[in-house]
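Heads up, the next two complexes both have subunit A, just with different partners, subunit B and then subunit C.
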Partner chain A sequence: MIEYSWLIPIMPVFGFIICLIGGYRVRMGYGQVAIFFMFLSFLISLGSFLDVLAGKTYHASITWAIVGGKEIEFGVLIDSLSGIMVLVVSLLILLIHIYSMGYMVPFIRTNQLSRYFAEMQLFSVGMLGLVIADNLLLMFMFWEIVGLCSYLLIGYFYRKPEAARAAMKAFLVTRAGDVMFLIGIIVLFVYAGTFSLTELFELAPEMDLTILTFAAVMIFGGAVGKSAQFPLHVWLPDAMEGPTTVSALIHAATMVKAGVYLVARNYPLFVLSPDAMTTVAYIGGFTALFAASMALVMVDIKKVIAYSTISQLGYMFLALGAGSIFAGMFHLMNHAFFKALLFLAAGSVINACMTNDIREMGGLRKVMPVTALTMLAGSLALSGIPPFSGFFSKDEVILSAFQRGDMVLTFFGIAAAALTAFYTFRVWFMAFVGDYRGREHPKENPKIMTSVLTILAIFATITGFIKWWFEGYMHHFIETYPHEVLERAEHIGTIQPHLIPNEGLMVATVVIAATSITIAYLGYVKKVFDPASIRNPLRPIHAMLYDKYYMDYLFEEIFGGRIGLYWARATGWIDKYIVDGIVDGIGKTTMYAGGGLRRIQTGNIQIYLSIVVVGLIAILLYFEVV
Partner chain B sequence: MIEIVFPEAVISLFAFLAVFTTVFSKEDKDMPAYLSLAGIILALIYLWTLKDVSSQFFTFVFDYYAWVMKLIFLSVAFLVVLISMNYLRDYDDSVGEFYALILIATVGMMVVVSARELITLYVAFETASLSSYALAAYFRKDKMSNEAGFKYLFFGAFSSGLILYGLSLIYGLTGTTELTAISKILSIDNPLVFLALGMLIAGFGYKISAVPFHQWTPDVYQGAPTSVTAFLSAGSKAMGLAIFIQVFVIGLYSANVDWKMVIAFVAILTMTLGNIVALWQQNVKRMLAYSSIAHAGYAMIGLAALSPLGVAASLFHILTHALMKAGAFGVLAFTAFKGIGETVEDLGGLWKKAPILALAMTIFMFSLAGFPPLGGFWSKYWLFTSAVGSGLWLLALIGVINSVISVFYYARVIRAIYVIEPPKAVRIGQPVELTLAVVVCLIGVLVIGFYPQPFIEALLNAVNLILP
Partner chain C sequence: MILSLILLFLLLGTVLPWLSRNDRAGRYLAIFFALLSLAASLYAYAIFDFSNTGFQLEEKAEWIPALGISYHLAVDGLSLPLVILTALLALASCIYGTDEARRDYQFYGLLNLTCLGTAGVFMALDLFLFFVFWEVVLIPMYFLIAIFGGPRKTYASFKFIVYTHVGSVIMILAFFVLHYMYLEQFGVRTFDFLDFAKLSVEPKIASVLFIALVFGFMVKIPVVPFHTWLPAAHVEAPTSGSVLLAGILLKMGGYGLLRVPLTFFPEIARDFAIPLAIIAIISIFYGAFAAMAQEDYKSLIALSSVSHMGYVLLGAAALTPAALTGAAFQMFAHGTVSPLLFMMAGSLHHKAGTRLIPQLGGVAHKMPVWAVFMVAASLAGLGLPFTSSFVAEFTVLIGSLEAFNVLALFVFPAAIATAGYLLYALRRAVFGPFNTNLHIHGDLNTQEFAAMFILLILTIALGVYPRPLLDMIDAYSVYFVGLIGGV
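And now, the complex of A and B:
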């Protein structure tokens, strides 16, 4: 089946076209079409993965353009890394498509569902293509498609101004990362002469270390934007304005993982540069703790999960930077399932209560038993309580930092784990235990939604146990790297192929997580202490966390806000009034009806021409100086 | 030998015929257009058979470079005539001269790329320019059109003076008007060379609207009839860059050390100012005018890189930019013509009113912003790569940053098309000829985007011919 793997991203293309063409007229039926094509994609992914398990890899490409003797090839690369990634991604896309059939029903009247499914299908094209692409340029193209769909889907409820604003913010902030990614690609192409991943890995050891570090850090810059790492994390919480299914699929399970995957995919480039690895690890570790602290105080259930996502993505980068691709990828996969589960469960709750505010929930355990149980499984996994999946992978992440001997990174990991357990259960207790505080009459959601929740809950419970198998699998994968890369990486100590289990560390993290849960239990269920009473003396800190460390203000000041505005206005003003002359352009002319012709004043043109002369003199002066 | 001038001859003949029809009937608005289209198609067909010809007829040189560029100019003329047809049908005076002027301007452009010597070059350049001044002012009763034509003429005259002065200095220094001979004789020891270089950069900079010689652009683009704007943006600007490349790359290559940096600097100014000012425009025509300025800056990156790939990328940019802008102004011609308006707000809900044109506009905006895999992505990609390849890091970096800034205002147009709810959204008939032209541009952008190979290869071959 592996030789048909190029069909994986092609399948949703059909779904996209059908939904797009047929759309806008008929309202229903497109979900089934989309699910059908995604199911085909999933089957091919599964078949390809089985072939990978049997020891096959697949690499095929076609020449797209030859420029100046350098070929630009496009192709498919299925190896251990992309094989398992494409399987996980296609499975999650399929499940969330199915869930959407139930979740999006209330929105049929106001918005055409075909648009939703068309955009979801286009997203699937981009995401699956990104995973199996065999070169950086192709990856970048799919990367952009994915970003575009993210923009479209965040702004799905385009009549809501917050949604339109959030969509634009996400689009622009991630573009900043994309630019760095593109610069990295260009640098690599200029110095190595190829985009092909496999060729780059072969050539990497011969490249100048400074150039390589620069390129790697630039590529990581792309990942920082897409995976919402500090300081480009500001778009993800706002992105929760999109439908919850979109949050689950794009902003938890798949697209935000693209950044992690990008680093993992280019791992041979990173491991050659200790500086690049350190950058990845520290940005990741810091983000893990930083985002977790903000999740403590949010009252919007989706925002809590969003900050949690940022934090968990930080864990993955932490592991990759610490030298363990196994820990990073393992956490990526586990997180994909349990975070999708948490989002979909939150969606189920939101659907029932018609609010995002956890202060207006409570006691939902009784009326929504399936949602409560499945969300509990997800919460336990996120908190890292054995035997749920998050326990295994988070343990490995912290272990990788610890084994590297970096106590700062280890501290980031453990401290974030403590906060994670607390905020996760704060939400669960507030929503599902106690008395209902809202006004609606919540009831359990339709089967199509709860069955997807159940499937995901099973995954969240058991996927941790593949650890021993997966460790061997990834170890085997690392050995396929070019010999020279491996030797050099082991020599400079950037890579940790084996993680030696450390029982003490494991017990410590579990105890810390359990303590955090207990504190949340005492505060929010038993009311042994009143969380509000603690909040009061700590008001400045609470305000700082609630206002996201004021980062949004800072960004708005610089980019969207006053400083940027003044700057752009000043430039605009200069061009309008000084360059365009005192009488501004024709645009205004029409407003003063009748006076149009008289406005052709020679004064205006004299100013224009004097500018030309000044420019000319400037050029001549330059020549004079040189 | 003489057959190499036939395409120009055919176009000139049909230009005459187009005017001639108005003698019999001023009412028939379509006849001159059909004649023009026929002439362009005949010329295209004949040109196609000349593909591998390399020959000379007096000072008129025909080679692969000229062939490629003429194809571009003829295609632009074809699209502009199509876009103009619906627009001009309601014009209350004769329209034969309009089409004739477009054809004559096209002849000028075609001769420019066949000229390898200063006199021919200048005469052809002026032929194209003078026709376009008249075109900008073609709507005699419209004040904006008048003002546009007047400003354009005034500036054009000034820049012609600069160019002529620069060229005569070069002639004085070298005693020849042959570009290849000039490049051998010219030495940079004489300070007068710099004066000449400065004059030429300013003069040609005007034509491609490089900062600080750009001020005419927004006014003229906004005031001229929209189909003329399409012609100016797609055709005239392409010609300006071609003549820039011919004079500087063929003739002044030996003095390149200095002018390269000036052009890099002008490119930075042009990109940055164009993009930043575009952010604040409400009128889409004016916004696209500033976007045109910014794109002139991108195109100059390749010239500053001065490598085969760089110059080829500049020409590639001409091609994609011509398609994107012809298409985008085509859509605006539609909205102006149907009374929808030209501001961002006016485009609200366009997808309900005219779905095909709205989709096309969306793709043009994405392509202008440089989204892969559309035509605009590749031109920027190769331009930036060539800059890095020539060691101009800063230039490439500023280019990339600029293309990020540009996303803001292109996104505004897209957002308006789909998000803003118009007061009433009724389906409006999309005129056949105009829609055809826009769709051709759209297909061009997509084909170049998905399969850029033959295009960049052809241009690389062409550039290798003219690079010393």
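And now, the complex of A and C:
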């Protein structure tokens, strides 16, 4: 089936076109069309993955353009990395499409559902294309398509000014990253003459290290934007204005992972440059802790999960930077399932309570047992409690930092784990335990939603156990890198092919996470202490966290408002009154001068002729002299 | 003969509507002949030999033998795409124009006459003929603005004609100097492009001529600070006039720049590469920021043209094969995207009675189809991949990085500013709660839809697979840079 893998992103193109064209005629029924085409994509992905397991790889391309005499080839590359990624992505897209059939029903009256499914299908095209692209330029192009769909879907409820604003913010902030990404790939093209991944990997060891490092860091800049890493993370929490299914699919499970995947895909370039690897690890590690701290104080259930996503993405970069592609990809996949689960469960809660505010929830365990249980599984996975999937992968991430011998990174990892367990269970306890504090009459959601939750909960519980198999799988994948790349990377120590289990570290992280959960339990369930009483003495810190370290202010007011708009207004003023003023001034002066010259316009033909002759002589003389 | 045929069809599309003296018949005649000229230009594309990098489909007849002036037409990989674009926009603007109720038969004739002049500019190999066509364009465009324009049409049309004429005069002076120099060196009178290319000019005079020519074309492109005629003309012009103004009139400047001074004085162009690149970068950013400050959607799009056409100048300055390809492709890409945006603004004005962004808001509720096109057009404008503008811009960026190294890195952030002004306008005008003070009369009608659909599909198709045009352009660029001894 692997030779048909190029069809994977083509299938949703049909769904997109059907939903788009039909969108203004019929209101319902497009979900089934979208699900049908996604299901075909999923089947092909599954077939391709089975072929990959059988040891096959697939690479085919066509000439897309000729630029400056150089051919640009576009094609499909299915190897161990893209094979498993495309399977996970298409499965998640399919599941969330199904869940949407239940979740989006209340919005049919006000917003056409076909638009939702058209945009979701277009997103699927971009995301699946990005995963199987064999080429940096093609990756970038799909990268922008998913960014576009993110923009459109965040702004899905476009009547709300906040949604329109959040959509624009998301697009512009990630575009800052995209610009760096584009710089990176164009620099590589100018110096290496190709966009093709496999060719670049072959050429990389011969490239000048400064240029390679620059290009790698720039490509990572793109990942920082898309995966919402510090300092470009500000768009993701605002992106929660979109429907919760969109948050689950795009802003947790797939698109924000594209950055991690980008680094993993270009790993042979990164491992040749110690500086690039350190940048990746430190940005990731810092973001993991930084975002977790903000998640502590948010009261909007989706915002907590959003900051948690930023933090967990930081873990993945931390692992990649520390030299373990296995730990990074393993955490990526586990996180994709349990974070999608958390978002969908949150969506289920929001649907029932009609609010995002966890202060207006409580006691939902009794009325929404499936949601409560599945979200508990997701929360345990996120907190890293065995045997849930997050435990295995988070452990590997921290281990990779520890084994690299970098105590700062290890500290980032462990401290973030402690915070993660606390804020995760703060939400779970506030929503599901105690008494209901809202004004609605919450009840469990339809089967179509809870069954998807159940499937995802099963994944969140068991996927950790593939660890031993997956370690070998990824190790085998690394062996396929060009020989020179591997040799150089092992020589400079940027890559850690084997992680040696460390029981002490493992026990320590579990104990820390369990302690955090206990503290949350004592504070929010047993009320042994009042969380508010702690908040009061720490008010300045709480305010700083609640205001997101003033980073949003910096981006919106300073970059957007002061620099962007004021600068634009200044340019507009200069344009109108100075540049155009001078033009009109010259025009008026000429008119006045013309008024003066009118006096020599006597109508006397002899005078005209003599002026012409004098002028002609002057010109001819000039050229004789020259 | 096919090139003359294209011109003939456009001429018939001009004259017959005028002779018909009937609004309805005039409209259909104009559409019919624009369609024929498009068919003829596509036929020219079909018989174009991709493996031949020189001029093709040549036609030559004596016109004023005493001065060595001839009727000499030909196309190559640089000009043929622009000829096709001209015929396409003639058709699109005539179709779109059907919506504008008070337009009469003269209006459609003027549209085709503008296209006739422009197509002539792209085909002419005799520089005197080139100049004649160049001037022919000004007259119908002047009347389109002055007769069918908005409230300040007199000011705008006068500014347009005077300003661009200053550029033309300086250009024709340079042509005459070349003519006399040729006479001096070879003893023959000629205005032929191919003859002038053989001239050897001493560097000092060459620099003066280069600057004169570049100035003439820069006014037309337009490049900051010579751009202020453009927003004024656009704001007052009728929609179809704006379509042609943005779509093909600006391309005359870009085409002239790539064709004339770069061929005659490549060494001088290399000397001036850095200053020209800096002017281009200033144009790109200045246009983007000035656009962000605009309240009128049309002047926003007009200033965005200044920004986008800056890439053409940048590509010309870099003078590597990739850069030239990008510049030429950008002309085609901008030639479809910008007219599309102007049509969107025109329909908005028609339906909502205003184009001022602060007076709009939530238009998407009442005009959903319009909104889909508007979002798509804006995204094409900001150079999203899978639209032709992306192909053009990234090719220019490759070329300028090859030529200028670090300097080129300053261009990239323009992508953020471009996205900024387009999305900021969308957010205020199209999205958000519906502004209840607005009275909106219906969504797009069939003619509007048809005209927009043609342009949008072309933009996306060339973004998905650019080779049908890119191959011929790139072959030209590689050949040309080899010819002038580059890289």
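In this text, the second predicted complex is superposed on the first by the 577 of 626 C-alpha atoms of A that agree within 3 Å, B and C clash if a C-alpha of one lies under 4 Å from a C-alpha of the other, contacts with A are read in each partner's own complex, and residues count from 1 in each chain.
The criterion applied here is as follows: a contact is a pair of C-beta atoms (placed from the backbone, for glycine too) under 8 Å apart; a residue touches a chain by one contact, two chains touch by 3 or more.
Given the structure is predicted, the values throughout are model-derived calculations rather than measurements.
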First, second, both or neither for A:F140, with subunit B first and subunit C second: both
Subunit B versus subunit C as contact partner of A:L182, first or second or both or neither: both
Which superposed partner A:A415 touches (first subunit B, second subunit C, both, neither): neither
Partner chain in contact with A:R165 - subunit B first, subunit C second, else both or neither: second
Which superposed partner A:V190 touches (first subunit B, second subunit C, both, neither): both
Contacts of A:G615 with subunit B and subunit C, given as first, second, both or neither: first
Which of subunit B and subunit C A:I66 touches, first, second, both or neither: both
Which superposed partner A:I458 touches (first subunit B, second subunit C, both, neither): neither
Subunit B and subunit C footprints on subunit A, overlapping residues: 64-68, 140-141, 144, 148, 155, 158, 164, 168, 171-172, 175-176, 179, 182-183, 186-187, 189-190, 568-569, 571-572, 575, 579-580, 587, 623, 626
Subunit C to subunit A touching residues, read off their complex: 159, 162-163, 180, 205, 224-225, 227-229, 232, 286, 289-294, 303, 320-323, 325-326, 362, 364-365, 368-369, 375, 379, 384-386, 390-391, 394-395, 397-399, 401-402, 409, 412-413, 415-417, 419-421, 423-424, 426-427, 430-434, 465-467, 470-471, 474, 477-478
Sites on subunit A touched by subunit B in the complex: 64-68, 140-141, 144, 148, 155, 158, 164, 168, 171-172, 175-176, 179, 182-183, 186-187, 189-190, 568-569, 571-572, 575-576, 579-581, 585-587, 589-590, 596-597, 599-600, 605, 608-609, 611-612, 614-616, 619-620, 622-624, 626
Touch list for subunit A against partner subunit C, complex: 24, 63-70, 137, 140-142, 144-145, 148, 151-152, 155, 158-161, 163-165, 167-168, 171-172, 175-176, 178-179, 182-183, 186-187, 189-190, 564-565, 567-569, 571-573, 575, 579-580, 583-584, 587, 623, 626
Contact footprint of subunit A on subunit B as seen in their complex: 143-144, 146-148, 150-151, 154-155, 158-159, 162, 191, 194-195, 197-199, 201-202, 205-206, 211-213, 215-216, 218-219, 222-223, 258, 261-262, 265-266, 273, 276-277, 279-280, 283, 286, 308-309, 371-373, 381-382, 384-385, 388-389, 396-397, 400-401, 403-404, 407-408, 411, 415, 418-419, 451-453, 456-457, 460
